[in-house]
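So the structure is just underneath, and the comments pick up after that.
The letters A, B and C name the chains in turn, as written, and every chain counts its residues from 1.
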Amino acid sequence: MALRAALRNKCGLSGLLSVRSSCSSHGRVCASPVAQQRNNSTSPKIKVDFDQSTGVAVMQMQSPPVNSLSLDFLTEFSIATEKLEMDKSCRGLIITSSQPKVFSAGLDIMEMYMKSPEHCGEFWKAVQEMWLKLYGSNMVTIAAINGSSPAGGCLMSIACDYRIMADNPRYSIGLNETQLGIVAPFWFKDTMINTVGHRTTEMALELGMLYNPSEALKIGLVDQLVPEDQVVTTATQTMTKWLAIPDHARQITKSMMRKPTIDKLTSNRETDIQYFVNFITKDSIQKSLGMYLAMLKKRKG
Amino acid sequence: MALRAALRNKCGLSGLLSVRSSCSSHGRVCASPVAQQRNNSTSPKIKVDFDQSTGVAVMQMQSPPVNSLSLDFLTEFSIATEKLEMDKSCRGLIITSSQPKVFSAGLDIMEMYMKSPEHCGEFWKAVQEMWLKLYGSNMVTIAAINGSSPAGGCLMSIACDYRIMADNPRYSIGLNETQLGIVAPFWFKDTMINTVGHRTTEMALELGMLYNPSEALKIGLVDQLVPEDQVVTTATQTMTKWLAIPDHARQITKSMMRKPTIDKLTSNRETDIQYFVNFITKDSIQKSLGMYLAMLKKRKG
Amino acid sequence: MALRAALRNKCGLSGLLSVRSSCSSHGRVCASPVAQQRNNSTSPKIKVDFDQSTGVAVMQMQSPPVNSLSLDFLTEFSIATEKLEMDKSCRGLIITSSQPKVFSAGLDIMEMYMKSPEHCGEFWKAVQEMWLKLYGSNMVTIAAINGSSPAGGCLMSIACDYRIMADNPRYSIGLNETQLGIVAPFWFKDTMINTVGHRTTEMALELGMLYNPSEALKIGLVDQLVPEDQVVTTATQTMTKWLAIPDHARQITKSMMRKPTIDKLTSNRETDIQYFVNFITKDSIQKSLGMYLAMLKKRKG
């Protein structure tokens, strides 16, 4: 609700958002003349190029260094997605990363480490909102996974309709929460089950498995591998195929497939937030996160 | 209920149905002397050869040109199936087509185009009845898919226990409803999920995908491919394997696997009919159907 | 409840259980000095070697000739498992067989043939208890399947977290109940669905299919094949990988995956027992069992 209100305000301001005069680095997706484009917005962490001639928006995640899903990032993401959702001329959304080697590193641990329960709760609500917007979108959503995509990055990917990943063996994707001593909540798990089935999910989640692209393709965690420089172009071509289907029939079908999973969260949001806050603020969990952060720091150093 | 009543009447008349004096074209399945056969009926759209010595009935769909599932066809189908169901000596049912190149083209669009809500409702009830009879059958049911099998033809196939398809790359099978601008209802979807899993169903239904035999085998939409002239003989051989299992144990097991899916429809039949009628009589949907019919006409011409 | 009470008594006596002075035949898993081992118990049918240095227990099923799941066997199994479960230092459990060529032949038919309803009910409760303990265990559970594993033996295997099978084409695994004229109950079915999916389960259970190791691997009924003499060592190595994950995160995840399936039985235990007793004491079923036993006798003779 709060988000929707915020969104309406933002939308009111959308005319003020600068239209990028140059988008050469993303030329493939916005090669059409600026005149055809109604709505190119640049915000600190998310860049949207919407091509009105095709009805397809490309969303670049551009939050250095690794597109961590911080509270700010998630809020921007949900606002941008909702804006496109409400624009009837936007039928498809491609999500990709402008950061090298990474699609998204997942939830920003700094939002849950040494933070107040209130902050953790607000953060978790934003994570829920991101998933609800994406998994329940009426648009065709394609993840153009041009880098590693652990944890929340994987969730974002499997919430889309189709996943194209760069065929680079250094990249990995998976819900690896248990490796950090935390737990992927039930709606992460449900989305994963809907994608790769019960048994694969069970083992993947218990072991916190990260899959390289070939393995991910084999288990059905991604749908297609292409050379790294063709991820977005392939997404664009694939989008054309999806958009050939009448919207209303595709949307009703998508909703029929996903509604039970979405309803499970929408009817339990507060409980889920409370559960998360109780869990994440435990001393033992905070200690795990601290150790993980120290390990990350050491690795960088 | 109405159908059961109709059935009882028909059964009362079954002695009047002519026994085909010659069945050379289906020699494989009724090679046994006529004396062994208790019940060979020929109706306009469905031909049943029941071999009492094996306990196996072969049902030939013979409604030119493409075995469209019209109201008449569906009614005959359900009556014929119920009749076999009630005959304790009939343990197995093989369903195949006597039409060249097609198993069944699916629901007859003429039953939903420019028709009254009443007619659409009656039609939909017959579609439900066909599925309930087949998916819930106590007999072993094998689809001998000797031609293309889109939409309702695919539903009929996946409602059986086992699917053998002709290995002809020109044939295709799938729930392609969205391509026509319509939507496969929840029980089509559930049957598909039970067959190929959630993720494959999601993509198949959203895109209205038709699979060639090799693809269908790969995703598990069919169980076996054989050369076209061996589809029915292979079905007969496979049936022997299934009939080696004690009936009561197999039937309880089958019911345990399928009852939840069947119950979902039986407890929502009227709602489902109402939903279908409201949807199909919409101007926009009628327009889609009209365009599709015009396209079909043009193709033939 | 009765079992827990029995367990407490047994535990009180555990100091009296003899520690095997020699475990050379299982040297791989208990090579550490006896001093490190807190709890090695030998009971008539189950032998447990717990290596406190690794936190891993190896349970040898040693009930000649084929580890049939008799009432005594099941009671011992549940007591041994519960004892390990309550020992916080025990984090992993490997289950294997000391009998040649067989992991477990499944439920002991003698417990259901010509027995009183009371006995059948007590037996079934013990089968439930075995599954509840194993499927709901907080320990990492690995089945080291070094022989054939039909029916109840298969259930035991799929209740574990991971399955390693000897790559010997003479061995087989599967829920083959229908071949005996009996029916795998809903929680066998649910565990199977959670392992290999709905469609494979449907066909496997209706036909009572037994799979050789290669087939079992292909459908996901087992996770890995290794040469026969490496089954337990591979299980030990695999265990190390699983134990690298923080226990609490893995346990919550496992519970999240399995709780709905477990709850279905725990909230219907009495009904399930009653259903089993009614079914198994039927004349027709008793006759089927008698014929099966006669066939087994003849085979041996």
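Throughout what follows, contacts are C-beta pairs under 8 Å (C-beta built on N, C-alpha and C of every residue); 3 or more make two chains touch, one makes a residue touch a chain.
None of the values given here were measured: they were computed from a predicted structure.
Colleague: Among all the other chains, which ones are in touch with both subunit A and subunit C?
Modeller: B
Colleague: I need the rotation angle between the copies subunit B and subunit C from a CA superposition, between 0 and 180°, in steps of 5.
Modeller: 120
Colleague: Nearest whole angstrom, what separates the Cα centre of subunit A from the Cα centre of subunit B?
Modeller: So the centroids are 41 Å from each other.
Colleague: What are the residues of subunit A that contact at least two other chains?
Modeller: In subunit A, residues 197 touch at least two other chains, as defined above.
Colleague: With touch defined as at the start, can you tell me which subunit A residues reach subunit C in the complex?
Modeller: Per the stated touch rule, the residues are 177-184, 186, 189, 197-199, 201-203, 205-208, 284, 288.
Colleague: Tell me, which parts of subunit B touch subunit C in their complex?
Modeller: Spelled out, the residues of subunit B in touch with subunit C are 161-162, 193-197, 220, 223, 241-242, 245-246, 248-250, 252-254, 256-258.
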